[in-house]
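Next up, some structures in structure tokens.
What follows is a pair of complexes built around chain A, which joins chain B in one and chain C in the other.
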Partner chain A sequence: MNGYAGKILRIDLTDRKISTIDTKDYEQWVGGHGMGSAIFWDLVKDKTIKGFDPRNIITIMTSPLSGTLAPGASGRTEVQGIGIQSYPIGWFTRSNFGGRFSAMLKYAGWDGIVIEGKADKPVWVDIRNEDVKIKDARPLWGLDTWKTQEDIWREVSGRGFGGWVELDSERRTTQRPAVLTIGPAGENLSVTACLIHDAGNSAGQGGFGGIWGSKNLKAISVIGTGSIQIANPKGLMEARLWAQKKYSTDLNNPDASWVARFGRRRPQNLFWDKQEKARLNSCIGCHIGCKERSDTGYGNESTCHETFFYAGYDKAKHGGKQTSAAYIATDLLQKYGINAYEASRGLTYIRALERMGLLGRGKKIECDLDFRKLGETEFADQFLKMIAYRRGIGDDFAEGFFRAAKRWGRLEEDLKAGILYYSYWGLPEHSYDPRAEVEWGYGSILGDRDINEHDFNFLFWWPSGAIWAGKTPQPPAEQAVKIIAEKLMPYENDPLMLDFSTDNIYSEHMAKLVGWHRHYTRFWKESVLYCDNRWPEFINSRVPGYRGITGEGEPKFLNAVTGKMLTFLDGMEMGRKIWNLDNAIWILQGRHRNMVHFSDYIYNVPYKGTGNFAMYYLPGREKGKWDYIRVDGRHLDRAKFEEFKTRFYDLEGWDSRSGWPKRGTLESLGLKSVADELEKNKKLGA
Partner chain B sequence: MIDEVKKKRKMTMQISRRNFLKFTGTVAIGAGVLPKLIWLDDAIAAIPASEGYLLVDTKKCQGCLSCMLACSLVHEGIENLSFARIQILQNSFAKFPDDLTMAQCRQCVEPACVEACPEKALYVDKKNGNIRIVDVKKCIGCKACVQACPYEPGRALWNSEKKKALKCDLCSGAPFWSEKGGVKGKQACVEVCPLKAIQFTKKIPEQKGETGYKVNLRGESWRKLGYPTD
Partner chain C sequence: MGKLRDPPHELALRILGEVIFEDRLVGFSLHERTGPNPVTMYSFEEVVSLLNDPHPRLDFSELETWIREIMGDEELAEQIADSIRKGKSDQNISLRIKKLMEERLDQCKRSI
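Moving on, here comes the complex of A and B:
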């Protein structure tokens, strides 16, 4: 089986039983999310159970590309199961993290891990190639995520690192075990709790850290010395060098590059002031890193929102100059294992309440935090410890700030006023607001979580960044949407899919964009595990004519590894199949179209953004002419969004009255048994 | 005549590693005045220097291990980090630059691995620029070379699946690559490194210590990415 290890590890924590699943049984799903959803469907008979139920199964899946030379695809791992974070139902959900865990798992001989049951006392799982042991984690319980990993490294290596570590008389490695672990937040069953791997890779959404805590599972460590078979090694090497040379960062001219998707000259995805002495750092196999390790040791491997979390407060406190507080606060997020979005939106929210005189010492909502110290390390540590250890009002914070607001009796009012930025399913808003960048919001509310899929988000960053800097964005909007529309198979050559003007955001064109996005990501990014930070790439400023690698690149690497000869369109159809299976699970959990709506402020309060985000540009038509247009200042229309949903459900072949898939749609995708199950539960679309 | 050569080879082989190093250590090796041949005794021209070397910049490396993946891929047709002739070791929690090190084969002027091989399976490939390589047909899997490499981690590797030794050949014998390798061709690790943190050179690096092999490959453009060049 080229690209596969051949078996999936199944661990029943209740009986401490270890067994295997033949990967071949699920090979039709290719890998990652598809396999995870299919395994979940088969093994969890009652889909209505809650996230903390020991019967909840957590899948941790790799892809055929994990551990290979495929660029921006080798190091991602997909995590799934019933989550505890979303509201009113903890949806069957997903998260995903980078690093090298998936690669190491494959080298050890496993395509994935299926965790079920609940251990009677804290355990960790020690995987050394085919040897799997469930071990006593009491010495690790209470440790932060970094210390836990270092302790496990020490135990597995025996004599430490720096040279070859022998796993037995024949097999050896210079690599450290890849460890996935929870911190105190997970141990204390917080819905904000992440799974953390190495210094800064985390699966944050869904509350999987809390679920591991409920299962008494502290960590999984894996070290492998085995091989992954490659169908076409010459082809893989050639494809990698081709992609790198044509599309990736040109070191002599970093302005033009594959990472131009974010409109950034440099590849780092960091929002704090850069540290002077550092190295660029990447996940395994990546063609260009997005993180760093510095000479201070602060902020190692963190990226994106976690680097944004405290930098502003730090600067505001210190006269516009950032101190080490921003980095240390982020490291604390990683060490305690806390979802950066919950901490970030939560802090914004309680600060607003504090300013309103509602929260603080001796206030209606009693809170120990001294906001005069906001911006200092001490404040960040106190705030994050409250979440992680449920100290004082932290017991409410640990439930996520949506549920905290509910406990305080403020949910409805604060959602209406828009001071609680939780726009979909009780989850923190991502910064790409549904009122402005609708494809992000629509995808999230039609799915299970804040999508965190930046596929079209460069259409905000790229032109907005240029305009903020007083430049003219290139390529112009009309050319950009034409290039992208060519690649949106099977809906190709409909540029109106990318018209973000208010007149178009409820149209069938927009429904097609959202559908394409759901299908593309379900397969290419969550099953084949191309990284969200580097894929897809529609536009590339290094290439004459701007046409990016997407469409050609995705199947090229997959086929070189597996020899399956799938086309890009085959992948899109697989994505549609997986998306339908996920929807069937949500429907069995209780979903109906009546529940699919945003928080009130999305319909009532115009989006105004903060900082640069107050000038939010996306492509659109004004008076019939394409341009990058302002999309801030608007809110969604409730009735028109309902019409949009109908268009979307019709497009997907679902019953628009309920939002449930029809038998014909499911059967055409080879999901007859799914249709049968929905029918049995009286939840098949008519 | 053939017997004579064999006899001399045997003599060379019998020199223990310790004596070998002691003996050859007396030969002056400097960057400027490098002997093409190293004389083990007054009669045997034992080991000509390699005509190619890999240099690395440990401060430039992003730790993606693409070099390791490419090495394993072009040589073995599979992905296996343990079979990569260049090894990157890193620690997520450590401070730059001590968070990462790169360990490539040094193509030593005085190759302990060559000397240790009892079967002459690890030999100097005179047809290919004197690269020190393993003839897998001759390798008996005794691991003498693996143990002999004086560097940490050792640069002679062990293929646990085929029970054979592996060693960097500068891609002169990489069957799963369409490019020509070796001292007159390309090397997979050099080509694949996204940050150009590995470089091929024909000049013999300083043999003492690490400075000859760990160099600064960061030019002015490196500063554009936001990183120090010193």
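Moving on, here comes the complex of A and C:
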């Protein structure tokens, strides 16, 4: 099996039983999410169980590309199971993290891990090639995620870091084991709890840290000395060199207007002021390096929103200048294992309540936090400790701030007013607000979580940045849309899919965009595990005609590794199949189209409030002409969104009255048994 | 854009304080991946912080009114209005206002 280790590790924590699943049994799903959903479907008979139920299984899956030279694909790991974060139902959900865990798992001989049951006391799993042991984690329980990893590294290596680790008489390595662990937030069953790997890689959404905590599972460590069989090693190397030559930045001649995702120019996605002395850090096998390690030791490997979490408060406290407080606050998120979006949106929310005179010492919502210290390290530590250890009002925070608002009797009022930025499924909003960039919001509410897939956001970022700086955005909207539309197979060459004008956002064209996005990501990014930071790439200004690598690149690397002859379109169809399977699980959990709606403020409050300033531009048509148009002053129309849902369900081949897939649709995808199960439960679309 | 006169003690105190919920300002900090993050500001210093962001977005006219009516700083509000008139782009206006507000913040801190 080219690209595969050949077996999946199955761990029953209740009976402390180790067994294997033959990867071949699930090879049709290719890897990652597809395999995870299929395994979940088969092993969890009652889909209505809650996330903390010991019968809930957690899958941790790699892809054929994990641990290979495939660029921007080698280091991702997909995590799935019934989550605890979303509301009103903890949906079957997913999260994903980078680093080197997936590669190390493959090198140890495993394509994935399935965790089931619940240990009677804290345990960790020690994987050394094919040798798997469930060990006592009581000495690790209570430690933060970094200390836990250090202790495990030390135990596995036997004598500290950097020396040889002898796995048996013939196999040894200088590598450290890759450890995935929970911190105190997970141990204390917080819905905000993450899984953390190395310094700053986290599976943040879904509350998987809390689920591990409920299973008494502290960590999984893996170290391996094997390799991965590649169908066409020369082809893989040539593909990588082709991608580098054609799509990557020319470091000797970087053009200031150079734009791309796959081969973009550094710097990385760090939203605090950069540290003076830092070097690049990347996930294994990546061609870019979007993380850093600094000489201060602060903020190592963190990227994206966790670096935003405290930077503004730090600056506000210190005269507009960044201090170490921002970096340390981020490190605390990682060490306690807390979801950055929950912490960030939650802090904004409780600050508002504090300013309203509702929260604080002696106030209606009793809270010990001293907001005069907001921006200092001390405040961040106190706030995050309250969540991680459920101290005082932190017991409410640990349930996520949506549920906290409910406990305080403020949920409806604060959602209506838009003070609580939780627009879908009780989850914190990402910032790509459903009122502006609709494909993000629609994808999230039609799915299970904040999609966190940035595939079309460049269409906001480029023009919005350029216009703000007084420049003309390039390429022009009509050209950009044409290039992208060519790549949106099987809906190719319909530019109206990218028309974000208010007249078009409820149309069948937009339904096609949302469907395309769900199908593309379900397969190419969540199953083959191409990284969201680099894929897809529609536009690349280095290439004549601006056409990016997407469409050609994705199957090229996969086929070189597996020897299969999958086309891009085959992958899109696989994505549709996986999306249908996931929907079947949600339906068995209780989903109906009547539940699929945003929080009230999305329909009532114009995005950006009353501020009269230009901020958010996207391509759209005005009087029949394409341009980058403003989309930031609008709210969604409730009735029209319902019409959109009907169009979307029709397009997917689902029953538009219920939102449930029809037998014909499922059978055409090879999902007859899924249709049978839905029918048995009286939940098959008519 | 002229140099700002030293603020009276009372004004400096107000500028270094916080406002109530109803008097807040809302702006955005834009980043390519994390998107346009809403930033709720309850103090002059928080506005300066946002303006130190690489991509701040806020309503300049609303800010001018806020400085005039909530902070009570007529002189600064006038200079902000002047910056809005003369700025060649939103980025340029942001930078001009940032400079002004940083100067005012320094003055206030020195006077307290």
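Of note:
By our rule, the second predicted complex is superposed on the first by the 665 of 686 C-alpha atoms of A that agree within 3 Å, B and C clash if a C-alpha of one lies under 4 Å from a C-alpha of the other, contacts with A are read in each partner's own complex, and residues count from 1 in each chain.
We adopt the following convention: a residue touches a chain if its C-beta (ideal position, glycine included) is under 8 Å from a C-beta of that chain, and two chains touch if they have at least 3 such contacts.
Because the structure is a prediction, the values reported are computed rather than measured.
After superposition onto chain A, the modelled positions of chain B and chain C are compatible, with room for both. Looking at the shared chain after the overlay, A:K364 reaches neither chain B nor chain C. Between the C-alpha centres of chain B and chain C, as viewed from that of chain A after superposition on chain A, lies an angle of 100 degrees, to the nearest 10. In the superposed pair of complexes, A:L69 makes contact with chain B only, with no contact to chain C. In the superposition on chain A, contact of A:K118 is made with neither chain B nor chain C. Within the superposed three-chain arrangement, the count of touched residues of chain A is higher for B, of the candidates chain B and chain C.
Contacts of A:G465 after superposition: chain C is touched, whereas chain B is not reached. After overlaying the two complexes on the shared chain, residue contacts for A:K640 are found with neither chain B nor chain C. Looking at the shared chain after the overlay, A:R355 reaches chain C, while chain B stays out of its contact range.
In the superposition on chain A, A:Y421 contacts chain C only, with no contact to chain B. Remark: least CA distance from chain B to chain C after fitting both complexes onto chain A is 15 Å.
Against chain A, the residues of chain B that register as touching in their complex are 59-66, 69-70, 72-74, 76-83, 87, 89, 91-97, 99-100, 103, 152-154, 158, 160-161, 176-178, 188, 191-192, 194-196, 221-222, 224-228. Considering their complex, residues 67-69, 74, 100, 107, 146, 149-150, 161-164, 170-176, 198-200, 225-230, 233-234, 236-238, 240-241, 244, 248-249, 251-254, 265-268, 274, 276-289, 293-297, 300-301 of chain A touch chain B.
The touching residues of chain C, when paired with chain A in their complex, are 18-21, 24, 26-43, 45-46, 48-53, 55, 57-62, 88-92, 98, 102, 105-106, 109.
Contact residues on chain A toward chain C in their complex (touch as defined above): 269, 271, 304-305, 308, 312-313, 315-317, 319-321, 344, 348, 351-352, 355-357, 421, 430-433, 454, 457-458, 460-461, 464-465, 467-470, 533, 608-616.
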